[in-house]
Structures are given as C-alpha cells and as structure tokens.
Amino acid sequence: MLTQASTSESVGGATLVNDFSIEVATVNGSGSQTANTVLMRTIFQMGVPVTGKNLFPSNIAGLPTWFQIRANHKGYKARKAGIDLMICMNPETAKEDVAKVAPGTVLIYDEPLKLNALRSDLAFCPVPFQKLVAASCPEPKLHKLVKNMVYVGVAAQMIGLDMIEVKSAIAKQLNGKQKAIDLNQAAVQAGFDWAAAEAPRQDHLRIERLDKTKGQIIIDGNTACALGAMFAGVTVVAWYPITPSSSVIEQLIDYAKEYRRDPATGKLNVAIVQMEDEIASAGVVVGAGWAGARSMTATSGPGISLMSEFIGLGYFAECPGVFVNVTRMGPSTGLPTRTSQGDVELCAKCSHGDTLHICLYPGNMEECFQFTYQAFDLAERYQTPVFVVTDLDLGMQNWASEPFAYPATAFDRGKVLDEAQLREIQDWGRYKDVDGDGVCYRTLPGTPGGKGAYFTRGTGHNPYALYSEKPDEFKATVDRLKRKFMTARTHVPKPVIQGPGVSRGILAYGSSDPAVAEARDLLKDLHGKDTDYLRVRALPFTQELEAWIDGHEVVYVVEQNRDGQMAGLLKEAYPQWALKLRNVLHYDSTAITAQTIVDQINAFEA
Amino acid sequence: MLTQASTSESVGGATLVNDFSIEVATVNGSGSQTANTVLMRTIFQMGVPVTGKNLFPSNIAGLPTWFQIRANHKGYKARKAGIDLMICMNPETAKEDVAKVAPGTVLIYDEPLKLNALRSDLAFCPVPFQKLVAASCPEPKLHKLVKNMVYVGVAAQMIGLDMIEVKSAIAKQLNGKQKAIDLNQAAVQAGFDWAAAEAPRQDHLRIERLDKTKGQIIIDGNTACALGAMFAGVTVVAWYPITPSSSVIEQLIDYAKEYRRDPATGKLNVAIVQMEDEIASAGVVVGAGWAGARSMTATSGPGISLMSEFIGLGYFAECPGVFVNVTRMGPSTGLPTRTSQGDVELCAKCSHGDTLHICLYPGNMEECFQFTYQAFDLAERYQTPVFVVTDLDLGMQNWASEPFAYPATAFDRGKVLDEAQLREIQDWGRYKDVDGDGVCYRTLPGTPGGKGAYFTRGTGHNPYALYSEKPDEFKATVDRLKRKFMTARTHVPKPVIQGPGVSRGILAYGSSDPAVAEARDLLKDLHGKDTDYLRVRALPFTQELEAWIDGHEVVYVVEQNRDGQMAGLLKEAYPQWALKLRNVLHYDSTAITAQTIVDQINAFEA
Amino acid sequence: MTTTATAPVPTNKLGLTKQDYVGAKSTLCPGCGHDAITAQIIQAAWEMNLEPHNVAKLSGIGCSSKTPTYFMSQAWGFNSVHGRAAAVCTGAALANRKLLNIVTSGDGDSMSIGMGQLVHMIRRNVPVVYIIEDNGVYGLTKGQFSATADVGSTLKHGDVNEIQPIDPCTLAMELGCGFVARSFSGNPKQLSTILKAALAYEGTALIDVISPCVTFNNHDSSTKSYKNAKDREMPLQELGFIPYYDHEEMELADGQAMEVGLPDGSRLTFRSVGKDFDVTDRLKAMKEIHEAHDRGEFLTGIFHIETGKPVIHDFTHAIDEVLATIPQERVKPGPEVLEACMRELM
Amino acid sequence: MTTTATAPVPTNKLGLTKQDYVGAKSTLCPGCGHDAITAQIIQAAWEMNLEPHNVAKLSGIGCSSKTPTYFMSQAWGFNSVHGRAAAVCTGAALANRKLLNIVTSGDGDSMSIGMGQLVHMIRRNVPVVYIIEDNGVYGLTKGQFSATADVGSTLKHGDVNEIQPIDPCTLAMELGCGFVARSFSGNPKQLSTILKAALAYEGTALIDVISPCVTFNNHDSSTKSYKNAKDREMPLQELGFIPYYDHEEMELADGQAMEVGLPDGSRLTFRSVGKDFDVTDRLKAMKEIHEAHDRGEFLTGIFHIETGKPVIHDFTHAIDEVLATIPQERVKPGPEVLEACMRELM
C-alpha cells in the first residue's frame, strides 16, 4: 500500500520522464549485482540513455553497497547527487538512506524495516519481499538469491518499464542458464504483479521509450583497455592483482584465450604471468620490453609506488613498456574501491632523479580502448615506459558507448635495427642521436651477425652504451632524454577542444568529462555563462593546448584530487599563464558531479 | 728539473697567494686518500681557508679518481673550474688531465709518464717517484703505499707549505700509529728535499700563513647528520647501505657505541638494525615511530623510490619518522658517487595520492647537524615522515666549519597522551582535531588504563580511528592533513635572507650556497650587479619567502637538477609570481660553480 | 554453602572475561575460515592472561589481514601495507620490547609480496606470533591463486594451478625458525593449543593455518573462454551471493588422520603429528612433512621448537627497557660530549 | 705431414676462439674472487659452444653484478637494479625463449633485497644459470655484512656477525629448484664443470660460488669505538690501498676435503661431495649439507638435479616461437573479432 506523504508539496512536483535517478542500497555479497544490472539494462534496451555506478566496499560480504542508476534523455552520464527513487534493502544503512533523500522521494523497502516510521514526507512503498519470494520460488535455499529480483519487478511496474524488456535483460544477463533465468523472471513477475495490485500508480517518475541507445554497447573501462591491449598485439603481460585494476588483466586473459591462440598449435601468442608483487611485474615489463616484446602491466596507486625504481630504470635505460594505472583513492591503501585522479603527478614524474613520462588520459570507453592500443606504439617509438592513467570510475563502472572502431593503423615498432640494417651501418651506437629527435636506434637480444650486441645499464653511459662517469656525457644523456620527451609532443593524442570561443575556459581530463559536459549546459542554461572546453589527453602537453590557454582569460582546471595536480603541472610548464588557472576540485572518493563544477565556478565569479 | 714552458706568456702571470686550486689525479684503491687529506689539512692548519672535493668512481679499485683542493683567502668554498697545480699520478687519464689544464699550469707527474711530450706550454715538474720512495722506505711492499706521500712533499716545497705543519697533519691523520707516521713523514721529506734541490722556485702559487681557520673543524655532512641524530636521542635506526648515505649510519653507530651506552648496563640505548632492503627499513621506521620511538633511516634516491609506499602509509596513518636522503645523481642507478639535487620533487610529494611532506634542506655543516636534530621534533610534533634532504657534495666531501653549537632546546615529543591524561579526557579520538591545527592527540602502544587503545590503518578512517568508507569522512581526513602541513609553516626553519634590498633576487638551497655566495661577489665586482639572496631551508614554504619573492622583480632559482624542481614547486604554490622565476641549472653530476651561476644570469640579462 | 542461580561469568587471572578479548564484528564472509582462527586467538589470549594494553596486533592487507580488528579491541592494532607487517612489527618490537606481538597475515601477503620481509624477520628472530591464514587464494582481490595453492587445485573461475607451491612451514624451518607449526581452522582444539604454546615462545613463532576461503576456493566453475563469458556471469552472480558455509569441525588424536570436505568440494587429509614426533630434530621433521605432502597429506601440529635462541634484541645489544619512552636526559648527551666530538674534528 | 711453427689458436665447434668469449677489462680489485668466476664462465661458455648473440647476461647491482661486462662482449648485457635481475630475466625469457640466460648476482643482491624475486623465479622455474658470487659482504658499498655471513665472521671494521646465515643452496632445494650446486672461486676445475652442467640444464640452475672479497673481508681491524676513530683512519687508509691478493687455487677429488686460507686470514674447509652422493634425493642432500655446515665444512659440488621439470613456458602455455618478433598479422586480430566482441556487449 503506497502511503502518501502527509505534506502535499513533498510529492515531488512535475513528472520526470526519462530523467531521474534510482539508488539501490544493499549489503554486498547479497547478490544484488545481477538485479541492478537488469534494471539498468532494461532502461538501456528501452532506448533511454542510462549509466550505473556501483558504490561498493573494500570487502567481500556484509558491508553496505549502493548502486546508482541515472536515466537521462539528454545523455548526461555523470553522477548526479539527487535521488528520485530509493530502494532500501540494507537494514544497517536504512536509517541513513532514508534520512539523506529529499522530500517526496519514492521509497521502496522491505516491509519489516518499518521505514515509514522514520519520516513522514516520503512516498513510502513497503514490499513484503519474503512473502513474494516464497510464493514465486519453490526452493527455500534460493530465496535469498532471487529476493533482489523482486524489487526489480516492483520498480519496473512503478516507473513503467516494459516487462518484455526486463525479461530479455534477464536472459541476456544469465545467458542461457535456463534454470536461473526462469527463477529470476518469476521473481521479477511476482514483484511486478504485486506492485500492479498493491502499489497504486505514481506518475512522478516515468521511463518512456526512446531510440537513443540503438547499436550501443555497455562496457567498463578495464574491459576496453584489455581489448586495446589485445589488438595492440601485447606479447608479455606481468601483473599482480589490485583493485580496481585486476579486471584489466583478467579480461585480457579471457580475450586472449579466445582470440590470441595460435591456430596451428592452439597455444597462446601472448605470455601472461601473475607475479609475486608489483616490483617483479615492473621488472618483467622492463626486461621483456628490452628483449623486444610488447609488454604491459596494470595496477593502481600502491603498485605504482612500488614500481617507481623500475620505472626509473625503464626511463634511463630506455626500455619500452606500458603501465596502466587504474587510479583509486589514496594516499596509502586509502579507499581501494573508490575513485580518484590522485596519481597524476606520480605518473608524470615517477621515480627519483629528473624523470618525465608520457601519460595518456582516456576520457571515455573508446579512448580506454584506443589509448591502450596507442600506448604500445608510443612505448616502442620512444623506447620508454608509457602510462595509461584511468580511474575506478572509468575502469569498473558500466558505461554505454558507441561500438569501438577498428584500429586500422599498423603497429609502430620504433627504431629497431635487424641484422641486415646493422651490416649497412658503419658505426652504430645504441645511444647515438642520429636523427636529432632524441630517439636512438636499438637492437634486440638474439639478433645474429655479431654487430648488434650492446650493454644496457641504469648507470651512466655514453652513446656507445659504454659505462661512463664523465660529467659531459652524463649531461648529454639526460638532455637527450628531455629532447626525446619533447619530440613525443607531436605523437601523443591532441586535446579535445569545444566551445563557442569565449574567454572563459574549462580544462579537464579523464573521467571528469561527462560532468564537465553537463556543467557547461547548466552554466549556459541556468546562469547564462558560455564556456570553452579543453580536455587534456596526454603528457607531454601539446602545442594546441598552449594556443588554447593563451587564448583564454580564465581557465578552470577541473580535477578529482586535493592538490590540483594537473594544474600544478600546467603552472610549472607555463608560468606565463599560471595566474589564469583556477582549481575546481572534487576529492571525497565519489565521482565528480556537474553541480560541483557549476558551484565552484560560480563561487569564483561571485 | 722544472722545464720552463716555451711560450713566455704561458707562465701564468701574477702570483696567486692563498687563492688557487690543486688537482690530484690518481687511481682509486692506490691509497691517495691520506696524501690528499694531509695536503688539504696542512693548508687548513696554516690558517688558510680550504676545501677538498673527491671526485671518485662507483668502484673499489682501479678507476680514475680526482681530488680537488681549493685554497681561498676570502673563504670561498665552492668548486672552481680552473686548475693551477696539477698532479698526475694516473697513467690512464694522464693524457686528458694534461689536455684539460690552462697554459702555464704547474704540472707535477711521475717522470716515466713523459707528459712533457704532450704539450709545450706548461710548467712541467717530472718527479722520479720510484727512486725517491726506494730511498726513503726500507720495506718494498710498502712502496706503493707511501708513494703518494712523496708528491705531498714536492707540492709542499713548491707552494711554500711549512713542513712542521705537514708532519703534524700526518700525525693527526694517522693518529698514534707511529710506524705509519714515520714512514709517511719520511716519504714527504724525501719529496720535499728533492724539490728543494731539483725543482727550482716557482713564485706563481704561494700559500702564506693566515689566521682564518682558527678553532674550526673539518667534517663531512654525513658525520654532521649522525651527530644531529645522536643528540636528538634517536632510539630506533633501520637502514640499508647505499652510497652516498651509508656513512650517516656508520658514523652514528660509532658515536652511539661511545656516547649512547647505558652507564649501568653498558648496553646501547638505541637499536640500530641493518635491514634486508629499503622497504623494510621504511617499515621499521614507521612501526617504531608508531610505537613511540624516535626512528630514522638514511638512504639515497633509489631507496626513496622503494620506500614510497611506506612513506605514504606514514603520511596517512600519521606515524613519525625521519628520512635522510643524501641525494646522488639519478635517474635510476645513475652516478652513485656524484652529486645532484634531483630528488626535491620526489621527497616533497613522495607516494601515490595527494601527499605533502615536510622537507629540510641543510646548506652547510651546522645545518646538517641542526636540521637532523630538529627533524625528530618536527616528525613527532606533526606525526608524519620528515625528510632531511642533503646531497653527496654536502654529505661526503670535507668542509671546514665553525664548531657546532649545542642544541639547548628540549625535545618536542608532540601530542602524546599518557594514562593519567587519558583518564581526564571524556571522549578521546585518535584523529580528532581538538586544537584546530590539524594535529591530533596520539597514544603509545603499551599505555595502561584501557582507554588509549586505537586501531591504526592505511585505509579510510574517522576521527575515532574506526574504518570508514564515508566520502565526507575521507575528505575531512585529507583536508585535515593539508591543514596540518600548513601549520608546520610556523615551525620549520625560516629562509636565510641576505642582500642590499634590490630588485634582482637569487633563490637557492642546500649545497648551492657556497657557489651563490661567490657568484654574488663576482656579479657585483666584475659586472656591477647587486643581488639579494634567499636560501630556502624547508617545505612547507614560509611567509618570509612569500614576502621576499613578492618584493623582487626577477628571481633566479639556482638548482642542481635538470628540470628546475624547486622552481616547479614555487610556481605551483605561487602562480602569481611564476613569471618572475628564472631557472639557473647545473646537472652534469659535478658540484655547481659560481661561474656557472654568473654566466647564466648574465645570459638572461644580455 | 549456598549456590546462586546464575553462574558467574568466568574470568582469567587478570579478572578479565573472554568478552574482554573480542573485537569488532567481523565483516568477512559467513563461514570464512579466518573467523574460526580469530575465535581461537581470542580463546588463547584469554587463557594465557594477555594484558590487552601490552599487545600489538599487526597485519598487512587482505581478508586475513583484516582480522586484528576482530579480536582484542583493547590492544593496539596496525593494519599496515600489503606484505610488510613483518617490517612494521620489527619496528614496534625494537621501540617497545615489552609488547607481545601478534601478526595475522595471508598466504598472498606472506608468501608472495611479503616473502623478503618474512624471511628476514625469521632470520632476526623477532619476537612475534606470526599466523598465516592460508587459503591458497587471494581472497580480498576476488580469488587469484597464491603461492601456496597446490598443483591441480582449481578456482571458482576454473583455473587450475600448475606451479609448485611453497610450504611456509618447511621454508621457515629451513631458515632456522625456532617455533613452527601447522593447523586447520576447522580444528579449534589443536589450533588453540598451538596458539598458547606460540604465545609462550620467546622468538618468532610461525603458524600456518589452513583456512578455507568459502567464496573463491570452489569448483563451481565453467569454461572461461570469452565465447562463453556470459556463462561466467552466472557463477559470477552466484559469486555475488555469498552462501553461509557451515564450518565442519574436527578433532584429531595424535598421529591420527582425517579427511575433511572443504567448501570447494575438494577433500583434504589432515594428519596430526604423533607423540613420537621429535620437535627438536629440524631436518627429520622437514623430511616427514615433505613426505607427507607427497602422500597428499597435510601434516599438522607443532613441527619444531628450539628454545634459547638469541632474538633481535640480543643482536642490537640495546638495553632491556622500553626505548620509546626513555627520558631525554638519558638519550641526549651533554654539551661536553659535543665539545669532545668537535675537538676530535679540529 | 708437415708441422707449422706456430700452433693454431684453438677454436670451438662454432669456430670461435676463447678470446671471442671475453669481455671488457675488469675493474674489480686485483685478486677478487669474482674475476676468477668470470674466467670460468668464459671457459665454460666457450667449451659449451654458446652462440654469443643468443646469450643474455643479466645482473643486479654490486661488484658481482658488474661481471657481465667482463665476459662475452658479443652477448646482450643488462646491469639492472639491485636485487631484481630475476624479474628482468623472467621478462627477457618470456619475450625470447631462445635466449640462454646467465645471471650473475651477489649474496646481498640475491639473499637480501632480491630474496622475494629469487624465490619466485625458482618457483616458476625460469630457464637461467643463476650464479651467486658469495663473499658474505656487501663489497660495492664497502663491506657491510650480508645474509650469508657466518656467525662469528668478522669484517675489516671489526664487526662480528651474530645472526644466523641463509644458505642459498638448501633454500633453493627447499623451494624445489631443479639444479643446485656450490663451488669455490679458487677451484676452477670444479667450477667450470658445474657451470657446463648448469648451461646444459633446461630450468633454473642455481650455483652458489664462495668468492672471497679481498678488500673488505679481512681481519685487519681495530676497535671501532669513536674514541679511537682516528685509529680507524689507519686501516681505512690502508683500505684505500688495495693490495694484490694472490688467489690460492685448489683441486678436490670427490669426497675429499681441503682447508683453504682466505684473504681475511680465516680458514675455510671445503669438501666436495663424494661419488656416492645422490643428486636425486633432495631431502637427504639438504640434510647432508646442513650437517656438514654444522661441522664447519662447506660442502661443494652438484647437490641436486631434477630433469624434466616443467618450466615457466609450460605455465604460460605460450607458443614455442620468439614472442618478441611474431609479425603483426599473427597477434593483431582482425576487424571481425572486434565486431564479435562488440556484439557480445550490446
């Protein structure tokens, strides 16, 4: 029985069609994953743009989890603070969950929790889950398992989801496992029927068919990175599990087993090894890159800290390697299952001494795929470690995306000399800057002919790779390394630039993109503020970025870290424009919202 | 026989009294250490300011080593490029050594090397070392050992050193070992007598008595740090050997055995453990600091890279600990026996996530002592890792210095609650910011009474040290950590400011100080340019620094690294002044010279 | 005499009830072996009359490393970084030798990333009861193999381990560890007995406790080929749901063997060492453990005890007092000492 | 037949002279044991007809880790970072399984900072001849104790080691290493024989070679109390002078023992394992080595050989070819594969 909230104004005014947020509060380990995915998928199948964010604990079972679903006809994908439909399944957090919602919010909950006693200004919908489950599912031991499907049914009925789509979403999700499909579909139906009978209409929140998701995929960034690596022909992978990066490699393993098998032998043409720690993983990446493989690892903050020494070796001895950092909230172990952009400076200058690293910052699923693919080209072209810096929000959340375009470009294996070429060369030196671009010619161990052997070391060396402690030779080496880094300016992804061409600019990167897009509309529509937008996609900074900053009076640098790390790099690189930069920061471990950006920009301009 | 150089102008014009440089080229492992120290000490004992720099290889025996002695009546201590007296004992480098000196340079060498065949414009002094050694030393097996003492005698005679002082320097150096003293003194005498008879006067280079070294000591920075730690009452030391930091701990061990013994038991009141690596060393420092000890380690770049993860834990879990980084030339293994200021940014922001660390930058021997002492107060006051950042030039070279003043201040053990205090407090929370300065009250394991126990973790926590994944609680924690860091602005050493108050400023830190002092005189005397000077001594930057930069139009930031790391930190902190900053950089692994600074500043102003 | 109706809550020598030794509520999966170990730590600590305020409970990162939160809330806890509890514990021990140190770790934490630190903690004989809660997988990162996984063992995802395992016990014995034992989380009686003996030991006591992961160590797997990835969703979704696993308990007489069913459906044979087992003959014991393993048996019990071994404090030659709190006047030499040092350098 | 006046320079099967296997001039101290090992590596490589261009010679950091520069200048060298050559070597092996890998390391490099990586390289059975040039000290950092220093051994500065040493050989055997041996840099015949056997082995072959540090492992010490610090200057300055140490060579018949004088004046007894020694009985061999050590003897020779063990390539299930150079068309799936993947995700 839907108990109407006493105060009338509390029944959230106008109807929200295809533009509202659902939050489901459960306990982790209770199996709500599938239920929530089905709910999200159904909306997706109905052609309505939708994103889902899983706010999960660093724990396997028993701690609070929240799943946020945002449907938005305009296609806004960022997290939004407000909740319009709340589903409370977790007794532990029910009190807080009820307390945090706005008046008029529709609240679906497990009847025995008696949440209607806590507030009077919500649209309560108590559901007798136990009863419904018992009725719909014969086997008691499976009751807990399907219980969550019931709220999917209830919600589906209340917001007008098409049961056909709900059921096909279940089928898709449980792909072929008929028994599971039947059980879950029955549970959904039970919830739906109960709601139809017991929960009187609410017109506040509606999902109505659109055709805005046609042909799209739903994917997470880690899977996209895995695909990028597979198509880049990665041949050596060394890793150590760490949230939120593990699934990059686990997905890669799955893909490789399917698509990287040698037809002749059935064996894999990629070697993937779980190492004993991140130090060893980095060592394998450096060693394999040195020996000519396309090597990679994936990790997160603590792993990068541990890899620092080896990354410095890769930089100075000039060994290619791809390092994917799916950033989580630090410092230290921090919040392993929450998102952050807090490793920007660490990756940019990782290791002791003067070091500068090529970094790529994907901002969406296509770029997670493309940039991981491209990282291997850059690593081999510049004979150096290359970072692909994503974060938990990109890496582990579900995103709708256009399907990926096939990377047509041929691999760039860089300047590698084979036996024949060596024979031509009179006086080869491993570290001789023949082309003046700072990039030298290397050979691979195993190259026959007796001319290509050289000695690699992390200590001082001269152009002929001989040990050297000579000051002038050392300076020449580090100067060349900087020249090499600067050469990469022309090869890394250029920034994405949008806007009418006004004096007010917003600069952001990575997972902040959706929030910025939405914020720019809000600034324009609600506050009459036009903005230009530049999304940084790589280090070193490119000439386009320079021109853009130069052309703006004020540049708001949006980041998901405390210290404004990207702004720091910009101020260091461009002192002449340092004064233009304003920090717009979000770092509470949740994904940034458009409103956060709008509020901070308005505050600056107040 | 001193063969005069053919061209007359080549006989270096005016006489240089107490203002010239000597370089001795030997093979490492040939025992020249003592000879060179005696030479330097003698000049010191004659009251003439002198510094010695040992340019040694990362090797134990058989590679080239150069020892540079600079005597300067004005007391300039920086390295100076030109050589006035060259002593060639190393056949391997003789050619280069002869080639690099200016016309007119006096050249002492081993006769069989026939170096006079290489150039005609030097004042050659071939010495029959073998003959002289044989005559002066009965035991053939010791010939090699005392051979070097002979050139001391020759040089002494030629530049007018007092043999009484030479011999007392030998006695001092070999402290009591009579046989060794006799042998070496005989060898010196042999060289002296030979020169008196065979090597006709040269008046070009003279040492004449002054009284400018009265009461001074000769010490290296690592020994000074060791003394600082001992007087700071360090109780737990964990380390892993690495050049150039090892002698910090090795000296500390020696001092502790003498002065940190418990009178009653004869046991040590400090525990010093050589660990299996730097990661473990950092772990011990964090664990011991957590348990209430004054803990420390000393390492260099590669060690800091490896310690990164633990340093982040110390920062986030708020455990005190002192980390001495005697910086060497990186990246990677780089040049382990050469100097650099290349770890400034690494130490300032060590570890993943948003981290900011207190750093101290000693610029001389007294400060190596004082700052290491003070680092323990700061670490315990702010419950965080504190870096003492020196370098090989400060740490391992010989410096004349005024004796150290006794640190009168009592230890600051910070906010630690004992049983009695806990009894008074109603509602204690380990991470509650009671005083609003970001610094909370801690307790030490073992505190009785049952009220002080708390749980320390590198994961998210609330003011009561309970595990928390709540976004607002996490943000509150990292905001407080930043507040705490800013509070330290008032406790860290203020910058040293000098100058007439002009618009041209020079900003430097650490071992660049002597070169800057000399450069300022050169700029004034030779180029008529007045300069102000600020020497940064710590992070966080203090208000005095802000006022000073604000008050200058141009600020030359002098650093011994490639990327202008300190300038980068300044630009990030003070975008409003970023445009004023100009990089004056030296990074070829040698110590910076005054001329380098003068040239680069003149170039900017040309 | 008169009898009261309600039996008084039993207390130990310190007058503390067992309740005084518990910690926060566990957030591990229902039925996780680690919780069974926690229960025995509480039991042993209570029976051994440990003063909570003198206990340091440390760990790395992992499900097993979370357990210090779940016992002795009145003790000092430190959940540090992955694999390095040994080093942090060494620091705490040096700072305050009066602390009784308990480290709970996992097979991933200790046998992979933490190997170097563990080996050298043993070598220095740091006083600590070091418990490896050994489930053969990385639990907290959702079920990858660890270095103790036996050849042929299978994970939820169906992966089969082919790499030879490392036995923490024989490794520790090879390194000269003075107290080495193995038990099973399902054998509370033996486990608490071993724990009490370990708490009484003066140096490094290493205990490997087989502790099944009910969530990731099970065979309910299907092909992982990407073609059938959606199949994988099914177990994954069941994986999302953590069933309550009833922990089968057992008790073994000396020398007796028993086969136990693990949550993963596999069977494991435990044999407790016999009365005749010589805990002083290290090499013989190692041989027997290896041979049992080759027979497919997990030998349990106390394998080796060597008393009177010098500990880390003997190597540092530091005073017997707590270094952390010696007063300034005893650790800050006077001006005359500085003067003497300066004179040396003139 | 006619005889020529000058004997032809002997060549191996590849037609290469021994000179073709030498490297740059050593910069180690005259008489350093490591140089004697380098000489035998050259000898064995030549005799075994190694193709220089297919050899990867890797190391960490240390005097011992410098040695790859001193042999086979036509091979690919990698002087990496301290203690991690095992990981770098694993990477190289995965990238190009045709390479023959030789790692030279030190006791500090392998038994301290590199312990974790070494243990797991052994566990994965990475194909490599891994040589620990074992002098019980950190040579390059001027003489601190390493984890293999025997209890009671003394350093130049006079420090006495009190902590139990780690034996790389028994440790490796405990971990299941398939080829384990020990020799002495002063026993060229035995060393080259062992090296040749190791070069023929298909997995991880670990050789611990006792290799005296002539500079820092000697007793010429005096009190280190600061009061007498200036005394210390004396040895320090002599330390500054590196005497040439004539390397005492020996040869041992099977089972025979011989006492050798080391540069530090101490005497070390080497006993080569007898004919009867069973290299297939790992546990028995470990026992004998430990017992010999307790007798104060250094057992030398090949301790254990187990052939046919699966190597890392068996665990990765990768193709037998060189992964580094497979052409793009074989490792970059076509557009249809991407489409299939996309369809899965719709």
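We just call them A, B, C and D in the order they show up, numbering each chain from 1.
Everything that follows uses one rule, which is that a residue touches a chain if its C-beta (ideal position, glycine included) is under 8 Å from a C-beta of that chain, and two chains touch if they have at least 3 such contacts.
All of these numbers come straight from a predicted model, not from anything done at the bench.
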Winner on C-beta contact pairs when B-C is weighed against A-C: B-C
Relative to chain D, chain with the most remote C-alpha centre: A
Gap in Å, rounded to a whole number, between the CA centres of chain B and chain A: 45
Cα-centroid distance, chain A relative to chain C, in whole angstrom: 36
Separation of chain C from chain D, taking each centre as the mean of its C-alpha atoms, in whole Å: 34
Shared-contact residues (touching 2 or more other chains) in chain A: 58, 63, 255, 259, 276-277, 302, 309, 313, 317, 332-333, 457-459
Touching two or more other chains - residue numbers and ranges from chain D: 81, 112-113, 115-116, 119-120, 124, 147, 226, 229-230, 315, 341
Touching residues on chain D, where the partner in the complex is chain B: 27-30, 61, 63, 81-83, 112-113, 115, 138-142, 144-145, 147, 215, 224-227, 229-234, 236-238, 240-242
Residues on chain B engaged by chain A in the complex (per definition of touch): 57-58, 63, 301-302, 304-306, 308-309, 312-313, 315-317, 329-338, 340, 342-343, 345-346, 349, 351-356, 457-460, 469, 471-472, 474-475, 478-479, 482, 561-563, 565, 567-568, 571-572, 575-576, 578-579, 581, 587-590
Chain D-touching residues of chain B, taken from the complex the two chains share: 29-34, 58-63, 144-145, 172-177, 180, 240-243, 246, 253-255, 257-259, 274, 276-278, 302, 332-333
For the chain D and chain C complex, residues of the former touching the latter: 112-116, 119-120, 123-124, 147, 162-164, 166, 170-171, 174-176, 226, 229-230, 283, 286-287, 290-291, 310, 314-315, 341, 344
Complex contact set, residues of chain C against chain B: 51-54, 56, 58, 68-69, 73-81, 84, 86-92, 94-96, 98-99, 116-117, 119-120, 124, 312-313, 315-326, 328, 330-333, 335, 337-339, 341-342, 345-346
